[in-house]
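Consider the two complexes below, in which chain A is the common component and chain B and chain C are the respective partners.
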Partner chain A sequence: MNTPTLTLLLQAAGVSLLLALAAIAAGTVAAALLTALAFSRLRPLRFFYRLYVYVVRGTPLLVLALLIFYALPALDLRAGPYLAGVLVLTVYVAALFAEVFRGGVLAIPRPQWESAKSLGVPPGPLLRKIVGPLVLRYALPPYVNVCVMTVKATSVLSIISVWELTLASREIIERTLAVFTVLSVAGVLYFIMCLGIDRIGRRLERRLALRGFAGERV
Partner chain B sequence: MIEIRGLTKSFGETRVLRGVDLQVDDGEVLALIGRSGCGKTTLLRCINFLEDYDAGEILLDGQPLWYRSGGGGQRHRVSDAEARRLRQQMGVVFQQYNLFPHMTALENVCLGPRHSQRVSAAEAEELGRRLLARVGLADKVAAYPAQLSGGQQQRVAIARALAMRPKVLLLDEITSALDPELVGEVEDVIRSLLPERIMMILVTHAIGFAREIAHRIAYVADGTIAEIGSPAQLLEQPRDPTLKDFLRRMR
Partner chain C sequence: MLQLNWFRTYGATYLDALGWTAVTALAASAGALVWGCALFLLRLTGGRWGARGVDAYVQAFRNTPVLLPIYLIYFGFPLIGLPWPAVVCGGLALVLQNGAYISEILRGSYQAIDRVQFDAAKSIGLGPWHTFRKITLPQVLVYSIPSLGNQVVLLLKDTSLLSAISVTELTMQAKLLTEQTGAAYEAFIVVAALYLVLVSGTEVFFRVAHRTVRWR
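On to the complex of A and B.
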């Protein structure tokens, strides 16, 4: 493989990473809001949460991508493939993140809630000082898991003409016919990106570890 | 002063409290004893509204807690904000300490004053350090709960409850989860509070400790206060036959 080809693949990998990071950021915010709905006192909001999670989680990402890509123009919304791509991924990972966060909230032992209750902690500080930090700790491993999946899921966006690592690879293959070389390099690049995210996750996990507990260093 | 009138509470079909009437005066230490499942812990939890109750009234210094009566015999819960305000007048210490695991001892103690009572950070910290010193943990302010023994955690929990400057301390079997050799240090902390004449209601299986510190002991059986009196009276001349039996078994 010559240098220009490799450079091209690296650029495409950069695009994939950016798409993933954008979706992770937007998806995290959306998921936090969704999780709030899951624990709302209002039934319609809880119902909306379940509906959203079931529908999105129960749809193949490929179908979701095509659906959103073609639906946007039909709704008179003009978005390029990149914006549409980030939107697709965001919608998708928001559902997955929301379930991760919901699990984190459910993992908080009831006595912790009662302690906070008996101290009369208002909702704001309750969220910032107790629920947030605890959910972060409980949910971090599955959260990182979804982040890694998001990187790989960007490859689906090639179907809606987002130029990222998979589409770039296919273009190069069409020109050079070097199927195995190009796909191997692409695979390694995906692997490195996933590994990087996993390493960041591990570091964060160590930093947030509840001090004094067994399993502090895993 | 706490007044409880006609408190009833059921969990499904099971009637846990069947009309409890109780009055606890300022500065009084009241111990609740009784068989497990008799309703004593539920009663304590109702006072802090950690459990809701079906009927009856709880008043603190004459103000009705948790429910307001509306028109036509209806009652409705106080708002969340009001419940928070009312809870700040009480301190609860739980059997399992229930410290926040991601916070240091000092942060645990400061949380209430800082965020519920909106005391300044500096003032809350000063109070927190003073209270931790009081329970003998001046050198543990920066320790996390998992780095502390059960007895130390429970002392932090007591400091955390005291930080609210409560009118009443509700203590729910606070030494039951502790190794025997750690019970003494927690009991000592409670003893050291007696001169302050803070109202305490404690659920306990430690009859000896109850006899020593309580002004009155209430024997709870079948969801009511079956017998109440001074420790000497109640423990030495019990009238209720089930209480006699209970005391014999505890010995």
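On to the complex of A and C.
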């Protein structure tokens, strides 16, 4: 493999990583809002949450991507493939993140809620001082898993002509037929990105670890 | 936007595609289960190097997207003299990846087995193979039913990626119909609904299996 090819693949890996990071950022915000719906007092909102998660998790990412890819022009929204790609990924990972957050909220031990109530903690501080920090710690390991999944999911966008690592590899293969070398290099690059995110997540877990956490002693 | 006529005209054309998706998913799930069991056995009995090899394999497939092995096999195998049909190439890639995940699922369930059982197996004179076949595997598989269900659902959804290597399954069908008729919404909404049905069906199947197959 020559240097220009390698540079091209590295650039493409950078694009993949940026796509994933954009989707993770936007998806986290969207998921926080969705989680609020899941615990809403209004039944239609809870129903909407369940429907959203059911549909998004029950259909392949590629179908969602093609639907949005073909439907956006029909809605007269001329978004480039990158914007469409980030949008698709955001819609997709928001559902996964929301389930992670919901699980985190459900994992909070009952005494925490009860003591907060008995102390008369108002909703704002309850969210900031009690629910937030606990959910952050409970949800972090699965959250990191979804982040790794997001990096892998960016490869699906190659099919809707987003130029990232997988599409770049495919283009180079079609020109040079160097199937094994190009795909191995692409695999190594994905591996490094996924493992990197995993490591950062683990480090964050250790840093956030609290003594007596998980409800044994508080 | 949605025209009922459209469904009446093109509804039948989905049947073939639905069949391809279902058959591919079924065959690949069966293959992945067998491959996952083989990897799990190798991890248990292969000594330190066996375990290390399986670990490296699992890590490699866990941290790379499925499209890479799909392309690797589809574009690579003809170069080494194996011009297999696209479905087989794609199916093999799905088997290889999901086998890695399934071996990890089985490993997780293995922890749930009481160690005493292995001492008991030894004391009644069972060799390693028979211990695996008769003691370990049946229990591990039963404990794993819910997680295996999740994995099969993921595999089922990943069959959509085979459209990238020209397999005419559901997603490809929707693409073709969109290009023929220009009706993207209709084509993809039908396909999304069919996937939802397949996924829900799989989930129900595994839930029922989990409830029926239980110890004691």
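Here is the rule we go by: the second predicted complex is superposed on the first by the 211 of 218 C-alpha atoms of A that agree within 3 Å, B and C clash if a C-alpha of one lies under 4 Å from a C-alpha of the other, contacts with A are read in each partner's own complex, and residues count from 1 in each chain.
One rule holds in what follows: a residue touches a chain if its C-beta (ideal position, glycine included) is under 8 Å from a C-beta of that chain, and two chains touch if they have at least 3 such contacts.
For clarity, every value in this text was computed on a predicted model and none was experimentally measured.
In the superposed model, A:Pro122 lies in contact with chain B only, and not with chain C. Residue contacts after overlaying the shared chain place A:Pro141 against neither chain B nor chain C. Of the two partner chains placed around the shared chain by superposition, neither chain B nor chain C is touched by A:Gly80. When both complexes are overlaid on chain A, the residue A:Pro133 reaches chain B alone and has no touch with chain C. Looking at the shared chain after the overlay, A:Glu114 reaches chain B, while chain C stays out of its contact range.
When the two complexes are superposed, the chain touching more residues of chain A, out of chain B and chain C, is C. Across the complex, chain A is touched by residues 48, 50, 80-81, 83-88, 90-92, 94, 96, 98-103, 111-112, 114-116, 143-148, 160, 164 of chain B.
Of all residues in chain A, those touching chain C in their complex are 54-55, 57-64, 66-67, 70-71, 74, 148, 152-156, 158-159, 166, 169-170, 173, 177, 179-180, 183, 186-187, 190-191, 194-195, 198.
Partner chain B is touched in their complex by these residues of chain A: 111-112, 114-123, 125, 129-130, 133-134, 137, 210-213.
Against chain A, in their complex, chain C makes its touches with residues 59-60, 62-68, 71-72, 75-76, 79, 157-161, 163-164, 171, 174-175, 178, 184-185, 188-189, 191-192, 195-196, 199-200.
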